[in-house]
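What follows is chain A paired twice: with chain B in the first complex and chain C in the second.
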Partner chain A sequence: MADISPSLGSGSARRTILGRAMFAIASRLNLNFFLGVLSIGTIGLLWEYARPLGLPLISNLPPPSEVVHASRRLLLSNLYWDGWALSLRRITLGFLIAQLVGIPVGLLMAMHRASFNTIFPIVEILRPIPPVAWIPVSIIFWPTRELSVLFIVFLGAFWIVLLNTIGGASNIDPNYKRAAISLGSTRRDLFWRIILPATVPSIVTGMSVGIGIAWEMVIAAEMVAGRTGLGYLLWQSFEINAIAQCIVCMISIGIAGYVSSEIIRLFGSFVAPWQRQR
Partner chain B sequence: MAHPDWSGEREIVLEAVTKTYGDEFDAKTVVSECSFALEKGKFTVLIGPSGCGKTTLINLIAGYERPTAGKITFEGKEIAGPTRDRLVVFQETALFPWMTIFQNVMYGPSVQQGRPDAKEEAMALLAKVGLQDFHDKYPNQLSGGMQRRAELARALINKPRVLLMDEPLRGLDAMTRQLMQEYILKLFEGSGQTILFVTTEIDEAILLADNMILLSSSPASAKELIRVDLPRPRTEAVFDTPRYAELKSHILSILYGEALQAFASGSRAAADLIEAFEARRKTGAE
Partner chain C sequence: MAQLVVAVSKAEIAIGAKVSRTVRVRRMLRSSRPYLMLLGVVVFFASWYLFVDVFKVWRFKELPGLVPSIKEWVNPNPVYGVSLFTAEYYGHIWASVYRVMSAFILATVLGISVGILMGWSRIFYGLTFPILEILRPIPILAWIPLAILLLPGRELPIIGLTFLAAFFVTILNTLLGVKSIDEVFFRAARSLGFSEKAILFHVVVPGAMPYIFVGLQIAMGACWFSLVASEIVSGQAGLGYKVWETYYYVQFETMVIVMSTLGLLGYLSSALVRMLGNRLMRWRARILAGA
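What follows is the complex of A and B.
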């Protein structure tokens, strides 16, 4: 360790300025950090002591200590982890099917005028209907509840990826295509090496919005039509008046949504590396 | 304008080419009865007020669009569509952003196939344009001047018979632009490459051109053909010669008339040109 005994008054002017600048930065960082801790801490404390303090509304909720206690119990149960597994499976399947259908159909519609004119009217009629509104019909239509939930998740992610793919593929700078044709591209080259990569960034944007909607849909569908999953567990906890458990489910769903968004972001920087460093 | 009396072999010939967009109710003629030729192995500069239809002419010669009337021939045959004999270096740049610089340059050879030593050629070309250390970078990681050079390499590796450069230096800062002009001189002087180079800058045009085509303002047609007989190899020193001054004042006086017309129809570039011309006349009178 260096000697850190105070040497006030010594040292060049430059060092003093540098020292001051560093102190200013450090104190600002500390201040921001301190403010963050302060605001979260205040809310936590108000929430915890809402009942003794007689605060309105917030005292309807169980305090954080009870939530922590409930989470300890819930995290040890199979019910909870099965819920995670089933919701994740539904999200993954519904979301992937939406990509597998949405991306090719979107590309076809963007490149082929007649298919656009055939499919687009249907899209325009069905798209404004919120996916949640499909739940009753979906239950009747599909033979199992599982398929109904999957279908709702699918719808949540489908429209956005479809529209983003169409938008991306039809707004490609015409000079890219011209240059590629001049250089001797076949139709295949033009599709795989120009149109598809040029559309990838829009597809990824569609995915990151779509995964958020897909989570909303899986929770809503499980609440109404499911017999399992995090959404079902959340609603069941409410039904049996286990509000602390509800809050644990809410936080879990939040974590799941955050992790899925991060996965999409990583996927995006993997398939579109040219957009990584600007 | 009739055919030029340029003596060399004509690689590309435009005969009374007209291009009209829109339908019979709302038609806009962008190119009207335009005739000129590109001499083989010569550097031809197309100059005219901005928005006068220069890019349309490039698109017609490249084969991206067809003339409404008239005929364009390449080595005696009418142009039917784009081929790699006539490659375009686009305004701003059309490097594929999703490919590295090396992949961009290799795009032509890779879709054409049958070019086993293309990789070495690509690296040699990148070295020639000073980008060997940037071959694995994406276009958006390069400066404007580097992007232009990379796009040049992407075209040159295919050994095009004619290189069509559509305002390739537009959007570069003055310093980079000057460096790129010197660079283009170095690259093509004595190379025998047939080039059509579009610009709005008179100095740039005189510095680079063997032949110059002055376009009238919209709709475009060849108004005058000028042979730039300044000796080669050229440097910025040509700007100090009396012949340069002569050429410039001649070109300015023709473009001035065109600019006045374009100005009447609201072109800003034209206003700039008129201002420059007036200033020049004033200093000349003193």
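What follows is the complex of A and C.
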């Protein structure tokens, strides 16, 4: 069911940036836009008036107006912005370390059969254990809380990056390698010109899944083991029964997650411009 | 005559398979692969044993050792009350498996139906996709407080969160599967006079199947993951709860038992989904082999 959009104005109007933007807005402002506004608006209204209407379950939540009010208060506090800064730092560090370890190990495993055969069983023993279950071990092992949170974030992103790197590097059409070898390229050329570029798209895929898991892990670790960060603030608000504040934290975490996925996507289209991103 | 040919060729295939299997095993044993894999496993356990049990290097001395953990696991009278021979062990396993099973089945049924409906009807897609896009970036674990608030009791929030993790993944993969079907199949079915219902069951469902099963495998992983997190936070039984309790009461050997059990169950349940998928998609393997 491919989207068969009318090819109106496919000439000059779509060439300029303004023309392209107009076209995008015009094609969005159709049925889908209307339906989206309709459904989100309905849910918002039901949520706002859940208590007067006596709706079950939703009336346990504070209405959106209260959430907006709470957010105004929270956005002015230092606690909130410190939470952002700390969570972002943990995500960035844990995620980057996962890339720095996962990508080289994955490439090594994909290119060197013996190391694949040796390392893969270890991966298969450890990987099925949910990363959340590592939280206690991590707290016991690492000397500081900060390091244990970082380790959990690292672990969340690591497996998926490793597996995607291996998958990408071992699914390269052998004809490319054969062609390069018969044209006289060395092993080094083969790596830099064939294997690495061909693996980049699946590394980016692994990264975009990995950043999602990394956010899950940072929230879990902060809720359970942390004393700071957005996840801790979320749990703390719940414990003191400030539910509106809790919802503000949820939305903030959602925004943070969305922005970081977008950054990965942009990075992907920067390092692998030939690959069309979904 | 035709039947005879089929029978003969089937027998040949069977013999071929048998021969090739023994050959394959022999060939594998002659290669370095199985020995290296064994080496990997040995290296893992040996380094655990040496770092923790024997030399007590740096921070590793804090961790539970390999030998005490295994001893505890197979001990009929375990020090901390959990081993292969105690009812408590199976009680926690059952509590977790029950939650994952009910959440996964619910998420599969609802997720596939919603996903197919979204791919099928433009109006439904327009209504639901924006909601999905707003909710999806929020990590499942950030829903824990709301789940506890919205759902009554202690059991339902955990099942609800486990469900939610699998639900989003299943919907998106099903939707992707429906969208991936070649437009030609729809046109062919319509021109051959299929009703809309027939198209749904003969084009949409089988066409989306490969993506759905990829989604189900990811969903299974997500289920275990969010189960453990929500059990840590709000459970009274289950493996995730036990991991945290053993940490709290410094019963680290039992922690190793519980973590290994979680890994084993996670592995088995993914294997189960994969097996089911392969069985349901035999037709596809046949087509791919023929093509």
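Following the convention adopted for this analysis, the second predicted complex is superposed on the first by the 243 of 278 C-alpha atoms of A that agree within 3 Å, B and C clash if a C-alpha of one lies under 4 Å from a C-alpha of the other, contacts with A are read in each partner's own complex, and residues count from 1 in each chain.
Definition applied: a contact is a pair of C-beta atoms (placed from the backbone, for glycine too) under 8 Å apart; a residue touches a chain by one contact, two chains touch by 3 or more.
Because the structure is predicted, anything quoted here is derived from the model rather than measured.
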Simultaneous placement of chain C and chain B on chain A, clash or fit: fit
Check the residue A:191 against both partner chains and state whether it touches chain B (first), chain C (second), both, or neither. neither
Determine, under the contact definition given at the top, whether A:181 touches first (chain B), second (chain C), both, or neither. first
In the overlaid three-chain picture, which partner chain does A:84 touch, first (chain B) or second (chain C), both, or neither? neither
Which partner chains sit in contact with A:140 here, chain B, chain C, both or neither? Use first/second/both/neither. second
Could you look at A:35 and tell me whether it touches chain B, chain C, both or neither (first, second, both, neither)? second
After the superposition on A, what does A:49 contact: first (chain B), second (chain C), both or neither? neither
Could you say whether A:57 touches chain B, chain C, both of them, or neither, answering first, second, both or neither? second
On the superposed three-chain arrangement, identify whether chain B or chain C touches more chain A residues. C
Overlay on A puts the nearest Cα atoms of chain B and chain C apart, in Å, by 6
In the complex of these two chains, what residues of chain C are touching chain A? 32-33, 36-41, 43-44, 59-60, 62-63, 119, 122-123, 125-131, 134-135, 137-146, 148-151, 178-179, 181, 183, 186, 221, 224-229, 232-233, 239-240, 243-244, 246-247, 252, 255, 258-260, 262-264, 266-267, 270
Footprint of chain A on chain B - complex, ascending: 62-64, 82-84, 86-88, 90, 94, 96-99, 107-108, 111-112, 138-141, 154, 158
Give every residue of chain A touching chain C within the complex, in rising order. 1-2, 31-32, 34-36, 38-40, 43, 57-58, 60-61, 114, 117-122, 124-137, 139-143, 212, 215-216, 219-220, 223-224, 231, 234-235, 237-238, 243, 246-247, 249-251, 253-255, 257-258, 261
Under the touch definition given earlier, write down the residues of chain A that touch chain B in their complex. 173, 175-176, 178-186, 189, 193-194, 197-198, 200, 272-274, 277-278
